[in-house]
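Same chain, two partners: chain A is paired with chain B first, then with chain C.
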Partner chain A sequence: MFANNTRAQSSTAARRLMKEYRDLTADPLQDMITAGPISEDNMLEWEALVQGPEGTPYEGGIFAAKLRFPSDYPLNPFKMTFDPPLLHPNIYPNGDVCISILHAPGDDPMRYETASERWSPVQSVRSVLLSVLSLMHAPNSDSPADVECAKLYRDDKPEFERRVRAQVKSLLGI
Partner chain B sequence: MSSDGEEEFEFEFEDDDEGFDPEADSAGESISDAEAFDIMSPTLEEPPEKKPYDVNYRVRTMQEIMDMQTKEVKKVQSLLEVPADTAATLLRYYAWNSEKLQEQFWNDPTAALVSAGLSPPSSPSTSTQPLPSPLASPRPFECPICCMDYTKEQTATQTLALGCGHRFCRGCWTEYVVGKITTEGESGRIQCMESGCSRIVRAEPIDELVTSDVSKKYHNLLNQAFVSDAPSLRWCPHPGCEHIIECSQAPQKMLNQLVPTVTCRCGNDLCFGCGYPASHRPVICRIVKLWEKKCADDSETANWLQANTKECTKCQSTIEKNGGCNHMTCKKCKWEFCWVCMGPWSEHGTAWYQCNRFDEKSGSDNRDHQAKSRQSLERYLHYFNRWANHEHSAKLDADFYKSTQKKMEQMQSSANMSWIEVQFAKQAVDTVIAARITLKWSYCMAFYLKRNNMTELFEDNQRDLERAVETLGYSLEQNIGDVGAIAKLRQEVTNQSAYVQKRHDILMDDTLRGYLEHRWEFTV
Partner chain C sequence: MDLNHPMLLASDDPPPFPPNQTQLRRLDRALYCQICKEPFQGPVSIACGHSFCSQCIRSSLESLKKCPVCNETAGEGSIRRNRALEEIVDSWEDARAVMINLSQPQASSSRKRPPPQPTTSSASNDKVKRLRRDEAGSSRSQSPAKRSSGADEDEAIDISSSGGVEDEDEPVLTENDEGECPICSARLAIAAIPLHIERGCPPPKKQVNGSGSGNQKADWKKVFGGVSTAKNKDKEPMKRITKPNYHLATPAELKAILSAHSLPITGDKPALEARVQEWILLYNSNLDTSHPKSLPALRARLNEIEASRKRDKEKGKDALGEQLTTKEGVAKYVKERGGEFERLRKEVLARDSQALARAKGQAGKPIEIE
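Right, the complex of A and B next:
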């Protein structure tokens, strides 16, 4: 029955994404974040630029991420990948962002995340990007994606911050 | 050949008299009874009697399960004075544990309702109300999910909000609910789409939103959840069977002492304790699970590797030495080492082709380890092969019945026997098959039993049954001769199958009683 629905679904996704794009352009989240489709022909592939928040080791950096939307968006969440990857306890070494709000409700068999923390169709690109910003302020080292990095963050914060700053610098080409 | 069978029999008979089991004597008696066999009263048709290790159970139909739910809902409905669907949602949330529900509800009705995803009775909507309430007059509306616009009039008919007031269009609701039901298999815990809202979508709007087959699936899932929530219910695992077994005598904590084998109305056995789709008596569920896992995963491959191979000390590649001297050169990393002591070959100096460090500790440890591993592999294979052999025989059951059926017809025509007179053969086959299943599991049991006197008694019982079954199996495969031979064969088969039955009962009885008396010790 989903095969028949694919067309309807992808037009729903396109309509919804178009609206989200309009909203984000009208109110660009205090200039911290810009996001939009890479090409107007394909609304399911976006690029986002995230500014490192002030007061964090990410300050001064501008980080590019790819957002890939499923054709049944917003029933299912999109995927977010930093390219190039970003050193952060909740970002996999390949750049994939691991954040509970991007987990489909059925994804958590252990039920350690409550339903309200996971994806629901009323979440949006804006709400997810805001969560990513707050994750840069306060990494969650209890459920890490990059275990080594989480260990470093927990045991030796100055060293963690030093490495992040070095990465930011090299990304900016300084 | 039949005289061989007789000898076996005699041996068995004497073995019984040595007597470790009080019931062995009666086994002897039953043989002599059977020898004075009376045509009109086949000894095999004894009414099944209730043993202390048997459980009481009932086979239920789906309709009965639904009635049980309705009854429970009605009870709670009148006790708590809430509407029926509220009572049902509450019961589902509390996994149909009505005592716990009542306790929590009387303690704090609001909290109980809210945690089950329902609003408290006094205020029809939750405190946070970001969207127009369902009662407010309809106005133009844009669905926050699909961004479709709806006019005033359309809002009333084409959008929907639950008691929490979060309004979405019907199309989005339907897609969401269908996805939950068909792909995630959810039923009683489908929540409002708004993030952070834990309001439960009840049966009524769901039935209205989805097509009838999805609705049917939804109600099936609700029923399934009821069955899996209730510890006293279990689905019959056999394909195509829709019955449910109800048994309250085999709770989880009793499964160390009980093997609650039950027979469904579809004619198949199952274990109520673990859902195994056949009898696994006399082995308890826990041990069956271990055995299944052991046989299924590759742990035994690893065992073989351990017994037959070594690893390159440098790159850890697995090496099987199939000839040649002890000077090994790893094909992969070119590391040279000694097969005997596993040390680097360079340390062997000029002592080529002979390891002068043979008796050093590491070398001898390594050899001990390998010998042990090989021994444990052989032990496992001993039990596994016997287990698998009976498993294989069971697969040929249908053929066995067919060939016996043919012989029965042959006997009816050639010896002019009546239908009832040849039933002894079918009964004997039934006996053999049932005994084989028990024997099969007895090897699994023996594998895990600690070596002690009790285990020896168990293995004696096992051996006696194994021999009796083999003798009977052999007799059943005999060709049908003339009238005299048939009479003799019939006598033999009847005797032997009575004996098998007896041995089977003894093994089962002793083993299952053993659990109740805590006689068995397992090494796990």
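Right, the complex of A and C next:
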């Protein structure tokens, strides 16, 4: 369907996403991340594969995540959900990623984040995925999404790492 | 991933620079709007100095009154046209093809080329020489004929020798064509520009063709005979539309705005509001470019935007958001997610009861590894 769409016909969101897809494809992030739309009919739903960074308990794992874009993207951020969920202090038990860069500017009841860390239209899939990678390196236990996991991470890191590794193994089917 | 995927090829984007040309890539990227990630269209600057496409920043400021890059407070009032940037983007778009050809002398996928030259270095030297010769030798009036004959081989050279004017968009300028005054950007016959500048950039008169005395005559005519100014009326007035207060505006008022611009007045209030908003965005940003679209083209664009938005909705986008706008939807959502809340509540209760006598390992107990 998009193959014969011209600039005028596709929506702003679809057009920009196409652009980002092309850029990501042409210049992948050190092969750590791949991302792209699930089907050609719907640019607003993507799948991303994230490789666990070396030197973290996530190393060796490959994690799938769904990205769901609003129709007014890039004015509003997309949602990122790991499926299956990933054990991480900043990922909700249902897999939703909680990261300040994905929070719409304006809704921060807790005042945890300064405005500069929030979503703005100049952010992109690439910048968010990079932030997710850095979050895997260094979880932010100050504003946790999974409270139990954050506590475990803070109080008993070896146990946390053991669990993550176990999860990575089970995800890989080993 | 497959770079030859139809989705990636079907776009109308210009080809990228080869990865080893870092300086050119950087220059190319600098001329992209940070919001739409495309070359600036009608670039404007805001108070903090950052530049965006007029339409991009206007729609962004509608949802948040801040600069998307540096977060500084910004309003629509601070939007100013950035004519220099527009000129740069335009000329870069023209020069781009030439630059790409120069940066990869042998392999060129988009253009037909004569059979490859034996070695790269001699080929590029040869080309530079030919370029120079061409510049020195060919007169300007010659090049249009060449261009229309469609000689692929000479295309790149033609472009560079005629000052980087791209073929389809703008024909080669002759002295009788209109051009833009480099100082005040007014459009007038190219031959008249030097005189126009000398006289301190007076606004050009539309009906008069070019010569200085003609301009003066028209000036006097305008002073004495008020009739001649009426002739200019058929040109549609290009003045920014002031935004209505959407909270207070009645559907009738919105319809009045729409019908004043000959737009459809169908739909309920949210639809009208969206249409008015979109139209004002299109219309006002159209005033920030030197290549404004005609009003019918703008109307067609508005139609397309509405259609594509509808398509997106039909595909079940924003499904959750829509679900939550109805009472049943909320009830369903609560039903589905209620278990999660209950689980969290139990966890908190359990944690509280354990809080005092808690051994290290117990802390992590409630975590489920799925």
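Definition applied: the second predicted complex is superposed on the first by the 160 of 174 C-alpha atoms of A that agree within 3 Å, B and C clash if a C-alpha of one lies under 4 Å from a C-alpha of the other, contacts with A are read in each partner's own complex, and residues count from 1 in each chain.
Just so we're on the same page, contacts are C-beta pairs under 8 Å (C-beta built on N, C-alpha and C of every residue); 3 or more make two chains touch, one makes a residue touch a chain.
Remember, predicted model here, so these are calculated numbers, not experimental data.
Partners chain B and chain C clash in the overlay (superposition on chain A). By the touch criterion stated above, A:Ser120 is placed in contact with chain B and with chain C alike.
The wider contact with chain A, measured as residues touched, comes from C rather than the other of chain B and chain C. Look at A:Arg16: by the touch rule set out above, it reaches both chain B and chain C. In the superposition on chain A, A:Cys149 contacts chain C only, with no contact to chain B. Using the contact criterion defined above for the overlaid structures, shared-chain residue A:Gln167 touches chain C, although it does not reach chain B. Look at A:Leu75: by the touch rule set out above, it reaches both chain B and chain C.
When the two complexes are overlaid on their common chain A, residue A:Asn94 makes contact with chain C while staying clear of chain B.
Looking at chain A, you'll find residues 5, 9, 12, 15-16, 18-19, 72, 74-75, 105-106, 115-116, 120-122 touch chain B in one structure and chain C in the other. Those residues of chain B lying in contact with chain A across their complex are 144-148, 166, 172, 175-176, 178-179, 182-184, 191, 193-198.
Interface residues of chain A, counted against chain C in their complex, comprise 2-16, 18-23, 25-28, 34, 36-37, 40-42, 44, 69-72, 74-76, 84-85, 87, 93-94, 105-106, 115-116, 120-122, 124, 146, 148-149, 151-152, 155-156, 159-160, 163, 166-167, 170.
Against chain B, the residues of chain A that register as touching in their complex are 1, 5, 9, 12, 15-16, 18-19, 72, 74-75, 105-106, 115-116, 120-123, 127.
Interface residues of chain C, counted against chain A in their complex, comprise 1, 3, 5-8, 10-13, 16, 19, 34-38, 56, 59-60, 63-64, 66, 68-69, 71, 301, 304-305, 308-309, 311-313, 315, 317-318, 321, 340, 347, 360-361, 363-364, 366-370.
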